[in-house]
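Chains here go by letter, A, B, C, D, E and F, matching the order in which they are written, and residues are numbered from 1 within each.
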Amino acid sequence: MSNIVTFGEIMLRLSTLTGTHFSNAGSFQAHYGGAEANVAVNLAVFDHDVVFASKVPDNALGLAVKRQLQKYGVSTKQLLFGGNRLGTYYLDSGVGERSSAVIYDRANSSFASVEDIEWDFEQTFGNADILHISGITPALSGKLAEITLNLVKEAKKRDIKVSFDINFRSKLWNHEQASKVISTILPYVDYCSAGKMDALYLLGIPENQSSQADTDYYYQKMHEKYSNIQVFYSTIREVHSATSNTLQGTLWKDGKTYVSKVHKLEPIIDRVGGGDAFSAGILHGLLTNADLNYTVSFATAYSSLKHTVYGDCNPFTVKEVENLLENGSAKINR
Amino acid sequence: MSNIVTFGEIMLRLSTLTGTHFSNAGSFQAHYGGAEANVAVNLAVFDHDVVFASKVPDNALGLAVKRQLQKYGVSTKQLLFGGNRLGTYYLDSGVGERSSAVIYDRANSSFASVEDIEWDFEQTFGNADILHISGITPALSGKLAEITLNLVKEAKKRDIKVSFDINFRSKLWNHEQASKVISTILPYVDYCSAGKMDALYLLGIPENQSSQADTDYYYQKMHEKYSNIQVFYSTIREVHSATSNTLQGTLWKDGKTYVSKVHKLEPIIDRVGGGDAFSAGILHGLLTNADLNYTVSFATAYSSLKHTVYGDCNPFTVKEVENLLENGSAKINR
Amino acid sequence: MSNIVTFGEIMLRLSTLTGTHFSNAGSFQAHYGGAEANVAVNLAVFDHDVVFASKVPDNALGLAVKRQLQKYGVSTKQLLFGGNRLGTYYLDSGVGERSSAVIYDRANSSFASVEDIEWDFEQTFGNADILHISGITPALSGKLAEITLNLVKEAKKRDIKVSFDINFRSKLWNHEQASKVISTILPYVDYCSAGKMDALYLLGIPENQSSQADTDYYYQKMHEKYSNIQVFYSTIREVHSATSNTLQGTLWKDGKTYVSKVHKLEPIIDRVGGGDAFSAGILHGLLTNADLNYTVSFATAYSSLKHTVYGDCNPFTVKEVENLLENGSAKINR
Amino acid sequence: MSNIVTFGEIMLRLSTLTGTHFSNAGSFQAHYGGAEANVAVNLAVFDHDVVFASKVPDNALGLAVKRQLQKYGVSTKQLLFGGNRLGTYYLDSGVGERSSAVIYDRANSSFASVEDIEWDFEQTFGNADILHISGITPALSGKLAEITLNLVKEAKKRDIKVSFDINFRSKLWNHEQASKVISTILPYVDYCSAGKMDALYLLGIPENQSSQADTDYYYQKMHEKYSNIQVFYSTIREVHSATSNTLQGTLWKDGKTYVSKVHKLEPIIDRVGGGDAFSAGILHGLLTNADLNYTVSFATAYSSLKHTVYGDCNPFTVKEVENLLENGSAKINR
Amino acid sequence: MSNIVTFGEIMLRLSTLTGTHFSNAGSFQAHYGGAEANVAVNLAVFDHDVVFASKVPDNALGLAVKRQLQKYGVSTKQLLFGGNRLGTYYLDSGVGERSSAVIYDRANSSFASVEDIEWDFEQTFGNADILHISGITPALSGKLAEITLNLVKEAKKRDIKVSFDINFRSKLWNHEQASKVISTILPYVDYCSAGKMDALYLLGIPENQSSQADTDYYYQKMHEKYSNIQVFYSTIREVHSATSNTLQGTLWKDGKTYVSKVHKLEPIIDRVGGGDAFSAGILHGLLTNADLNYTVSFATAYSSLKHTVYGDCNPFTVKEVENLLENGSAKINR
Amino acid sequence: MSNIVTFGEIMLRLSTLTGTHFSNAGSFQAHYGGAEANVAVNLAVFDHDVVFASKVPDNALGLAVKRQLQKYGVSTKQLLFGGNRLGTYYLDSGVGERSSAVIYDRANSSFASVEDIEWDFEQTFGNADILHISGITPALSGKLAEITLNLVKEAKKRDIKVSFDINFRSKLWNHEQASKVISTILPYVDYCSAGKMDALYLLGIPENQSSQADTDYYYQKMHEKYSNIQVFYSTIREVHSATSNTLQGTLWKDGKTYVSKVHKLEPIIDRVGGGDAFSAGILHGLLTNADLNYTVSFATAYSSLKHTVYGDCNPFTVKEVENLLENGSAKINR
C-alpha cells in the first residue's frame, strides 16, 4: 500500500439528535473530524500508511482526538499537543424539509493559532507518495495559507504527489480571498477536487455557453488553466430534503470524464464527511492504479455508505464497498 | 408585539418510541401540550405576550406544566393549581403503514372538572388583543361549554378579537353535540379554523356540486352563514403513510383564498401539534398585519417544521421559518 | 381456537442500532427468535394454544428465552433445558443503500447438538391440530433432519396437519443438500410455504416458459409434484433499499391463487420475522376457516406491521391487523 | 408445586430516572405492578401455578399488563378486560437524602370501579391451596371491601388457606377506617403479614411495656387476639437514606419468632415490591414446608435481591436466591 | 416576594456520563449554568422576581440559555444577545476515588469580552431589593472588574442591598489579583459568602491561634475588617470521595454563628451548583426575614438536594426542602 | 519506552446494565478484552510499544477487536484473522448484595482452536524487552499449553524477560490440571503475579503457621521454590459487596515486600480488568526502573481508577494516575 500525509485541523463536532430542536437538546453526540483528518482515516481503513499532521490541545480533548485517529490506524506521530483549545462546532441535525444548521466555535484553536511550521518536514514526509490538503487549511489564517503553500512546494521538491480539495467554506472566507490564495497553490497540485461552482467563482472560468456537457466543459477549462493538474473529481448532489439526496461521482483524467451511477441516499443518517469519503475513494483508486470507471464507482459507493453512519469517519472496508458495488442494496444474506 | 389570551386544557402525553409495540414499551416519552397551550407557546416563541389560562393539579405534574410553559415565555399567572389530576393520554407512535393510536385517559382532570369561572376576567383579559380557544374546550363538559360561551362574549364586550379553531374530536363528542354547542359560539368569532369536513358535518353546509373549487366554496358558504367571521383557515393534508404526508395551507379573507405551496413531510418525526402550529402561524400573520400570501406560506412552513421535532410545542423562531421559506431544505450552510 | 405444535431452534439475535458501523457498536439490542418460535409466538398472540418444542441451555439465557415465549402465551412445557449454549447471531442493521449483514454464531448450540428425540411425543402432540416446522430445522444437522422426518410422520399418523415452510438458508446448506432432505419431508406436508426460487432450485420445477403467470405456474407445478400439499403460500418482495420494500402475499388452494394488495414498507424498522409473520397469518386464516382472500390480505397486512417494530416477534393483535386492513395507514384517531 | 390465587389491582408505575427532578423528566420508565400481582409473579417465578384475578381496561395498556404477567408464568385466565382505565402512579425516584415521592392517579380505575363479583368463583379457586390478598384491595372501595370479605369466606369454605398482608396505605384510608374493615377479615386469615405499627394502630394492641422483645411481644399479642392466625411475618427496615437501608426479616409460628440476618441494601436500585417479595418468599417456604429458619432467611434474601433491579416484579430464581444465601455477595465466579 | 438582580456569566457545561473516560465519551450531557445564573434560577424557583443580566451570542446557544432561564421564571429582559461565543467547559465526571476534572473553554465569550456597560441601569435595577454578584464576574476581565465595582456602587446609591459570593477560582486569577480587586468591592457589600480560606488568603486575616472556634473567629475578624458586612455565610464540606461528602452550613449575623446539622451527601449525582444553592437558600431566608437557625438549615438542606440532580439549577421547591427538613430521608409516602 | 509482547485470547463481553435482571435485558453493552489484551492496551496507554499476538475471526467482530486495540496504540501486526468465531461471555452485572455472574460462551473460538504456532517468532519478538502471558492462555487447550511453554522458552533464549500472571480460572480447569501445566512454565518466569491462594493450591506451598506476615511468608516460599522469579506481586481485595471493595497492592523483590495504601473502591462501576490494570502498573514500574514503593502505589491507584469506568481497558494516563496519588479524591479543580 501507499504512504500518505495529510495536514489540517480536526475539530469536535457536537450534534443534536434527530427530532430535537437545539434549544431542547439535553445532550450532544460527540464526533471528531475534519476534512483532511477524515481522508486520513478513510485511507488508513483501506490499509494505507497514513500520517495526519496537526495540532491539538494538551488535554483530554487532545487525547480523545489521538485515540480516535489511532482507532482506524492513522499515525499520530505528527499530531502535536499544545495551544489553547480544540476547535468545536455544533450541528443542529436536519430532517425532511428542515435543513441542518452549523454554529462554528473554532476561532483561536490550537491549530488555527499556529505561528510557525512546528512539524518536522523530514519526519512528516518520510517516504510519502502523496500529500493531501483541503482549502479549509489555508482559509484558517494568513500563516496557515503560507504554511500550506510551503508544504506543497516542499512536497513537489520531494516528488510527492499533491492532492488538493478546494472545499470552499463561505463562513471562513469569501470568494475573492479564497481565489487569491488558492491560485498560488494550484500550480503545485496533481489531483484536484473541484466542481462547477469552484470553476466559476474561484478559478474564474466563464460560464458554459457551449453545447458541451457541463462536467466536461468545466474540467476541461480548469485543466487548460492549470495543466499541471492531471486529475479532477467532484460529486453532483441533488438535495431533495435534508434526509433525501442523490449523489453521482465524476472523475476527469486525460481529457476524459468518468461518471458513476446515481445513488439514492435515503434516509441520510449523517452527511458530514461524505465529500471526504469520495476524495479518499478517488485517491485509493489512483494510488492502487485501479481502472478509472471502477475508481469513480468505488468512490461514490463509498461516499454513499458514509451517509448511513453517524460520524465524520467512514468505517467501511474495501470488501464492504465492493459488496455494495456488486449486489446493490440487496436482501440480507443469511 | 401583541397580547394574546388562550384558554384550554393542557395534558401529559406519554408516547412510545418508534419501532416499539405498546405492550413492549419500557418507557414513555413525556410531553405536555394541548390545542390552546400549543398556540400559546408558539405565539410566545414569536415574542408576543401570551397568557395561558387553565387549571392543573397542585403537584409535581402541575409544576412541570408551569415550567414547560414558562420555558417558551408564556405567562402562567392565570394557570390555577388544584383539582384532581392532570389529564393524560398515550400515543402509540406509528410508522409507515402503521397508524399512530391514541388512548385517552383525560376524564376527571382538574380542568375538565371545573365547575365555576375560577379565573379573574379583568386580570386574564388585561389589555389583550385576541382570545384564542379551540373546540376541544367546550367539548370537555357542559360547564366548560358554558364558560367558553361566556368568555367569547366577554371578549367581544372588550373589543378583543376572538379566534376559534373548531378542532373536532370524535372521542369527545359526536357531530350533533358539537354542532349544537359550536353554533352558539360562532356568532362571536372573528377568525375561524374550519375545513370542508367541519363545513359539511358541523355547520350544515351542503356538499359542493358547483364548478367552484372546494376551498373557495366551503369558505364562502361558511362566511355566508357567519358573516361576522372575517378570516377562515385550514390545511389540506394527504396521508401517504404515518410518516409521509403532504401539507398545504389555505387562508380565506375578504372573499379571496390564499394557498401555500405543497410541503412534503417525510419522514414525520411527530405530527402532534402540527395543526396548532398552523393556527399560531396564521394568527402571527394577522397580528402583525403581514401580507396574506406570506401569512399562509409562513404558517404552513412553520407547521412543516413542527413535524420534524418531538413534542407538542413548536420551538422554531421566525428566523428559522424564514430560512425554510427562502432556502427550502437546502445544503448545510458552513 | 386451535392447538398448534412448532419445533425448531430459537436464538439470541444481537443487533446494532441504525447508523452505527459494527466496529463502533458499543451495545447490541437483544432479541430472541427463530422461524418456528416466531410462528409460535404469533399464533399465541392470536389466542391459539401453542406449544414450542425446543432445547436451550440451562442458564440465564435459557431462562430469558422461556420468559420471552411465555410473555406472548406460548407454552414452554416442551422447552428442554440442557446442552452447551444458545445459538446466537449478529445483525449489522442496514439502512438505505447499505444492506443488513448477518454473522452467524450458531454452531454447537444446545438444539443443534441434539442427538435423540428428547421430547415426549404424546405430551408434545397432545390434541394438536397442526404441526409447523421450517426447513431450517432439518438443515441444522443430520440428526435433526432425521428427527424432523420422524415428527412429520408421527403427526400424520395422528391426523395432525403438517405445515412446512421451506425457508432455504444458503449459509446452512446448499441447494443439493436441501433438495435431498426436503424431498423426503414434502410427501407428508399439507400446507407449504414455497416460492419460485424454491420451485426452481429445490423442487426441480422447470422454468416457466408458458404464458401463465409465474405465481400460478409454479404453485400448479409444485402441486402436480406433491399432490398431498393442499395449500401453497409465499410473498413477493421487491427490495428498493434496506429500508424500503414492497410486499405482496400470495396463497394457492384448489387450483386458485389469491393475492393481497401490494404493501409499501417504508421505512422498515426491522424485517427479521416478516416471513414468519406471513406464515402465521396464513395458518391463522386456515385454522379459523376464514375466507381465502381475507386470509392472504390479513397475513400480508400482519407481515407489513411486523416491519414496523424491533424484534422477531410480531406483537400485533387481530384487532390491530384488521384496523390496518380497514383504514389503511390513516390519520390518528383521537 | 402449589396452586395459588391472588386478587387485587395492578397499576402502571411511571418512574423518573435517578438524578432527574420530576419537572425535568423527559421520559418515564414504565413498570406494571401491585401488591398481589407482585406476589403472583414471584410465586410463579418459583414455579408454582398462580392465578391472578383482576380487571384491566380493554386497550393496549390492559394487553401490556397481560403480557407482563404471562412473561413470568402467571395465569391470566381470570384477568378481566373492561372498565374505564388502568390505575397509574408516578414515582419521583429518590437518592441519598432525597426521598422518593409518589403521586397517585388511581381513582376510577377498572378494578377500583368494580361493582359486582365478576370473576367465577369455581374457576378462580379451582384446586387452589392458598388465597393471597393485601389490605390495599379492601381499601379501594366499599364494594371491594365487601368482595374481599366474601372471597376469604369462600376460600375458608373450600379449605383454602388465606394469606393476608395488612399493607396499610395512608393515602387510601385512615387508621380508623382500615381497622374497621380489617377486623372483619382477620378472623378468616391463616397467614398474616403485620408488624408493630399494624399491631398498635390497626389491631389495638397496647404498646409494649414489658421486658419482652418487641417482635415477640407484638406477634404474641396479635395471635392472642386472632388465634386463627397461625403465622405472622414482617420486616424491620432501617432507612439511612433513600438508597441505603438495612433489612431484617421476622417470622412467627407456634409461639416462636425466627429472624434472618440483617441485610445491608446499598445502593438501592428500586425498593418498590420489596415487601411483596418478602411475602412471596415466606409463602414459598410455607407452601414447600421448608424449615422456618431457612424460610425467613430465604424470604429476606429474596427481598434484598429485589432492591437491586428496576420494576415491581422480582425475577430471581430459587437458585439465584440460594446462591446469595450460600456465598454472600462474593467475587465473580469465572 | 422580593426583587433580585444578578449579574454574571452563564456557560454551557458539557459533562461525561459516570463510568466513561473522557476519551471514550460518545456524547456529552448539556447543562447551562453559572454562579449568578444559578442563584437567579434558584430564587425564581422560590417565587421571587429575579432579573439575570448577562450577554450571550445571538445564535441557537443563546436561545437555549434564554429558554433555560425562562423555564424557572427568571426574567431575561436584561439578557443581551451579541458577541462571539458562549463560554463552555467540559466536566469529566468523577466517581469514588476518581475526582471530577474540568477543562475550561471560556475565553473570548460574549460576556467576558464586554467592553462597556451595555445594560440599562434604570431598567435593570428597577425596584430591586438586592443585587447578587460572585467573585467570578470581576475575575473575567479588567473591564468586568470595573463594571462590577460600578454596579455595586450604583446599587448602594439606590439603597439596594449588595450580596457578594467571593467564589475564588484559581483557574481565573491568583490570590494576589483576586485580593486586590475584591478589597475594592467589599466596602459596598451587605451579605458576603466567605470562608476560612477566603479570610486567610484573600482578606489577609491571620490564622486562628486562639481558643475560639474557627467559624466564629474568621467571621468575627472579617466583620472587624469590613463592618459594613452584616451577614457572612459559607459551608464546611468534607470530601470522602467524589461521590461521598458531608456538608454543614454556617451563617453569621450580629456576632453570632448559626450552624445546620451535618448532611451526608452520598451518592452525589452532580455537585456543580451546590454552593450557589446554599447562597440562594441564605438569601431567601434573609429576604423573607426568616429565623436564622431555620435559614441556615433550609439553605443547607436545599444545597443537599441539589447534589441529587443533574444540572446547575436546583429545581426543588420550598415545600420539597421543608419535607426534607421535617422528615429526613424517610420512607416513601404512599 | 520499552517493547512488550503479549499473547492470549481477546473476547467480546456482553454485559447487562446495572439494575436489570438478565432475563429482562433488552440490550447488552459490548466490550472487548482479555487478560493479556488488557495488559497490552494499558501499557500502550503508558506509551510503550506493545504487540498483541492473537487470532480473531475474519469478520466484523474481528475488525472491531482490531480497531479497539489500535485505538489505544497497540500494534495489531500479529493479530491473525481466521478460524471459527470470537469467544464471548455474558456478564450479569451485580450491585450491592447481588454478585455479578458470568456465562462463558468461549468454546471453539478462533484462538482456542489454534493448532499450530501461526505467528512468526522473529517478527513477534522483534526487539522485545518483555513477554507477558497469563495462566488463562495455557488453560484454553493442550495445544495452547504447549505453545505457551514454547514461547516462554523462546523468549528466554532471546534474553527477553518473561512476565506471568497465574490468573487461575476455575471454569477453565481445576487446581490439579493448572498446577501441572503452570509448574512447567514457572522455571522460565522473571516476574510473577501470584497470591496466597495460588501458593497454597497451585504451587503446593504449605499453609503459613509461622509468626511471619502472610504476604512475606508466601512470597518468600514461592521464591524459594522458583528462585528464577525475581518479582512477585498481587492484590488483597476485600469484598464488602459487589459495588464496595477495598484493594491493597503488594510487590515483592529481593526479599522485601512493598505495599500500597488501602484503596476504598465504592461505588465500583466495573471491576473486570482491575487485576490486569494492576499487572500493567507493576510492569510499567519495572520497565521504567521506578522506585518500588512508587511502583506498587502507582499500580494500585491505576487499578483503583479502572474500577470507575466501564470496559476491560484502563484508559487513564500516567498523569491522571499521578493526580490521584498526589491529591487523593479531592475537590474539583476549577
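Going forward, a contact is a pair of C-beta atoms (placed from the backbone, for glycine too) under 8 Å apart; a residue touches a chain by one contact, two chains touch by 3 or more.
The structure presented is a predicted model; accordingly, all values stated were derived computationally and were not measured.
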item	value
Between chain A and its twin chain B, rotation from the CA superposition, multiple of 5 degrees	120
Chain pair showing more contacts of the two, B-E and C-F	C-F
Centre distance in Å when chain B and chain F are each reduced to the mean of their C-alpha atoms	63
Inter-chain centre distance, chain A versus chain F - centres from mean C-alpha coordinates, in Å	41
Cα-centroid distance, chain B relative to chain D, in whole angstrom	45
Numbers and ranges of chain F residues touching at least 2 other chains	23-24, 26, 63, 67, 101, 267, 315
Category of the chain touch graph - line, ring, star, complete, other	other
Pairs of chains, among all present, that meet the touch criterion	A-B, A-C, A-E, A-F, B-C, B-D, B-E, C-D, C-F, D-E, D-F, E-F
Chain B residues touching chain E - in the complex, by the definition given at the top	63, 67-68, 70-73, 315, 317
Contact footprint of chain B on chain D as seen in their complex	14, 22-30, 59-61, 63-64, 67, 84-86, 88, 90, 92, 101, 103, 105, 107-108
Interfacial residue positions of chain F with respect to chain E in the complex	263-270, 301, 304-305, 307-311, 315-316, 323-324, 327-334
Complex contact set, residues of chain F against chain D	18-21, 23-24, 89, 91, 94-102, 104, 169-171, 237, 239-244, 267, 271-272
